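Everything below concerns the one structure shown next.
A, B and C label the chains in the order they appear, each numbered from 1.
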Amino acid sequence: MAGCCAVLGAFLFEYDTPRIVLIRSRKVGLMNRTVQLLILAYVIGWVFVWEKGYQETDSVVSSVTVKAKGVTMTNTSKLGFRIWDVADYVIPAQEENSVFIMTNMVITMNQTQGFCPEIPGKTTVCETDANCTAGSAGTHSSGVATGRPAFLRAAENFTLLVKNNIWYPKFNFSKRNILPNITTAYLKTCIYDAKTDPFCPIFRLGKIVESAGHSFQDIATEGGIMGIQIKWNCNLDRAASFCLPRYSFRRLDTRDTAHNVSPGYNFRFAKYYSDPNGAEHRTLIKAYGIRFDIIVFGKAGKFDIIPTMINIGSGLALLGVATVLCDVIVLYCMKKRYYYREKKYKYVEDYEQGLGNQMDQ
Amino acid sequence: MAGCCAVLGAFLFEYDTPRIVLIRSRKVGLMNRTVQLLILAYVIGWVFVWEKGYQETDSVVSSVTVKAKGVTMTNTSKLGFRIWDVADYVIPAQEENSVFIMTNMVITMNQTQGFCPEIPGKTTVCETDANCTAGSAGTHSSGVATGRPAFLRAAENFTLLVKNNIWYPKFNFSKRNILPNITTAYLKTCIYDAKTDPFCPIFRLGKIVESAGHSFQDIATEGGIMGIQIKWNCNLDRAASFCLPRYSFRRLDTRDTAHNVSPGYNFRFAKYYSDPNGAEHRTLIKAYGIRFDIIVFGKAGKFDIIPTMINIGSGLALLGVATVLCDVIVLYCMKKRYYYREKKYKYVEDYEQGLGNQMDQ
Amino acid sequence: MAGCCAVLGAFLFEYDTPRIVLIRSRKVGLMNRTVQLLILAYVIGWVFVWEKGYQETDSVVSSVTVKAKGVTMTNTSKLGFRIWDVADYVIPAQEENSVFIMTNMVITMNQTQGFCPEIPGKTTVCETDANCTAGSAGTHSSGVATGRPAFLRAAENFTLLVKNNIWYPKFNFSKRNILPNITTAYLKTCIYDAKTDPFCPIFRLGKIVESAGHSFQDIATEGGIMGIQIKWNCNLDRAASFCLPRYSFRRLDTRDTAHNVSPGYNFRFAKYYSDPNGAEHRTLIKAYGIRFDIIVFGKAGKFDIIPTMINIGSGLALLGVATVLCDVIVLYCMKKRYYYREKKYKYVEDYEQGLGNQMDQ
């Protein structure tokens, strides 16, 4: 017991520190300090200050709603004078992170189910237009005019109000893209502009497409996918008011015609009607338009002890590199290497008789 | 060749270890052991046991389906006696991670396209209700009563069955939120409750809104977005049965009226009909309601050699900090610092004539 | 000032390196080199070459469009001869990351709102089929035949064209799943096959379900959720052409009948018609079908200085483990441990009179 206490005491009251050779040399000293300085600058300047290595990060969790606004009218011989509002051109009426604005269409009216000469078989099964049309009138009756302008080309002036609520679960931090300092009056008139109104959440369709470097009339005719990207990169060690959304726009489908099946973006849907006698007929609409995908991404960082310690720990280990580098030069490259080696090393042979080989005194 | 072998042999059979000064001092020894203990406690207790620094993590990949249930009826002068079921109030009929329950509406019936005094122009183009209505009857004919109660206020008792399948690709681990020990009988009667039924995947709308601290009748009247958050934080080093979903509820739109355009949540859609003479008319519905976004997030951790080694490595490097700290105190602050320095350092001058300066023997 | 410069000069031109005992012993040397070799092999081979520890990673941001193709026909006594195309069986017409193909249905035709003996009350409020049906004809009139085959069983041959655009924001790298070397001619005829056509983005429904190990006819009858998983694991230090999508298929709903409410996948929707006299009636459709969720995931890695340095730093710290391990053996386990201890340690007592205890010369 007493022996155990003695060992424990010896262990507790002991302090070991490596023995050091201190070489006073202008060349080696300067080199050593330079390498140490570079490593320190990297660890402090780059890892800590620039890349915020002391922070833990979390990925964004997001919820988006989109509201389109705008009315336009068309006047064609088949359809007559018509007004188009939100309920007509947004299909489906609501989606989660996305909104589709119909800008062009091919309408096949009054399709009824009945018998007609061609029965769909193996050869026609891929033709989705293969439905029998009892009435001779109405197939592809409108929408494809010469010069291929988009039917609802006025959609250029429609607007999207994007509401985005983000959340960083690890830090329980949430924020909306309608910032607290934005007034209702401002929101009623503003249109997003990268320079003048970077935080206005209302986007004019034409401006979105142009910002991505494309022509609205082209994309409106054939359809396409536009990405509205919202970047939330937040440093939560600073005030919440510095955590701001950054908007950017990108076209997500390709226009590369060389290897492209079904270019643009379109889909088919039908409106179903019942005849007075109870039979059902439908109007098939091939809708071309722009799908706006709201893509929210970003990372938040906040001080945390673990990444800090990992970076300090590996920074300290890297400082050891300075010594290793200088050792290589001093002990292998310099003229007086044997002199320095003698100072640094104490050679011990495995055999007692080898004791005489020791160069250290 | 032989010389090469000799060098290789010397290299292979060599072992180098730093020379150490072992100082037997109560003060310094205790300080040294205390600092080492603190660092060890941090590395083992905090990094490994608490934060599970030995684990690699993966983010969740998720698939969600939602099924609403509930029927209600209304009796108004315009619409008469009406029954509302799932096919009427869920719009669109299915979505990916979301479900919209219509709770209130403004119906504009029997809109036809025709000529009327006001032609939409620049001044009215932002009015989405600017459509010409041929019949004088029916605009805003129902739904907005005094006191603004929600039209389908009984939606409070509707239920949502949320099925969620998650997957951690890195670990090829998948699980469902309907746990294996839940019986069909239980699922037919249970309603989620944070205390009594925390794993029942069936949610009563009223309870969701209340859990988030809001009034169902308020949100039902104006519309809103509710987040049903499912957290899957799993420690895959334990049995799969411990990997459980945690539900929480949050309102995702803001009620802050000061800076809020189009508060609540609503959208417009139309039902299209054909007249006996073939003309089309529509009923425009401005649907107010609650969109429930199912937000799935979480991280799984599993033992992996790389984060373990990174943490051990930087932990070891941090242990070196104890020595550095004690060195500073021993060599710069203590009375006998010159005595200790003499023991630790061996001074070597760059010049042979400087040999006399060596203080170490 | 001059004193200050002297201290600074002394500091700048100083170089310290630990003093080392070099033990020449076959046993200890070999052990030391073996441990060092193992640690080096782990750091270089596993951490750097295999796990690419020198890379920073980013998670994928993705946009998906899906286009279904296929036509089929049915011939039943109630519905007569009918043709089904994309506009009939895709509900809703477009979604963001998902597509629903109706494969089976229960149709309740000509539902009108009117009075009938049963008024929905507390007991029937959960019955979503509780609507009053004025006409006696038509409830559940079709779709459920004996042997339960799926109504649109030919959906097995329908195809999905999946277009996927991915983006790694941190590296500003984007790519599409229609690879640059794929020709339009190939895309017009190809069908995905894991072996022969692994990069064809067109999937036959039957093949998807079979690849996941299920029977198409079973899933078509009851409905279900299939995941089309696209994995984009990219090493951006290599050419962009090596960054390729990998497809896999998984069933996301469970078939485990023991604890399963509402198995399969179905939802209700209605088509609304107006009678010649202006009254509204509807056809209620309970749609069974397969929802295809396109799940895109993956990580891209690219060389970055910080993870490289963290791994080098902790690798260096781990190399120190070799010394610690060998020290334990040499100083505590070997016969000549006292001899080695004498060489490694220099004992210093706290008291000047303790100077005589020093065993080091």
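We adopt the following convention: a contact is a pair of C-beta atoms (placed from the backbone, for glycine too) under 8 Å apart; a residue touches a chain by one contact, two chains touch by 3 or more.
Only a predicted model underlies this, so the values are computations on that prediction, with no experimental measurement involved.
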>> If I superpose the C-alpha trace of chain A onto chain C, what rotation angle comes out, expressed in steps of 5 degrees from 0 to 180?
In response: 120
> Looking at where chain A touches chain B, is over half of the residue numbers used by both copies, so same, or under half, so different?
Replying inline: different
> What whole-number Å value describes the gap between the mean CA coordinates of chain A and chain B?
Replying inline: 16
> For chain A, which residues are shared contacts with two or more other chains?
Replying inline: 16, 18-26, 28, 59, 92, 95-96, 273-274, 276, 310-311, 313-314, 316-317, 343, 345-346, 361
> For chain C, which residues count as touching chain B in their complex?
Replying inline: 16, 18-26, 28-33, 42, 46-47, 51, 53, 59, 91-92, 95-98, 100, 113, 115, 120, 124-132, 225, 227, 229, 231, 250, 252-254, 258-262, 265, 267-270, 272-274, 276, 278, 280, 282, 284-285, 287, 291, 293, 295, 297, 310-311, 313-318, 320-321, 323, 326-327, 330, 343-350, 352, 354, 361
>> Going by the contact rule set out above, which residues of chain C touch chain A in the complex?
In response: 10-28, 59, 61, 63, 65, 67, 69-73, 80-83, 85-88, 90, 92-96, 110, 157, 161, 163, 165, 167, 169, 174, 176, 178-184, 187-188, 271, 273-274, 276, 281, 305-306, 309-314, 316-317, 336, 339-340, 343, 345-346, 361
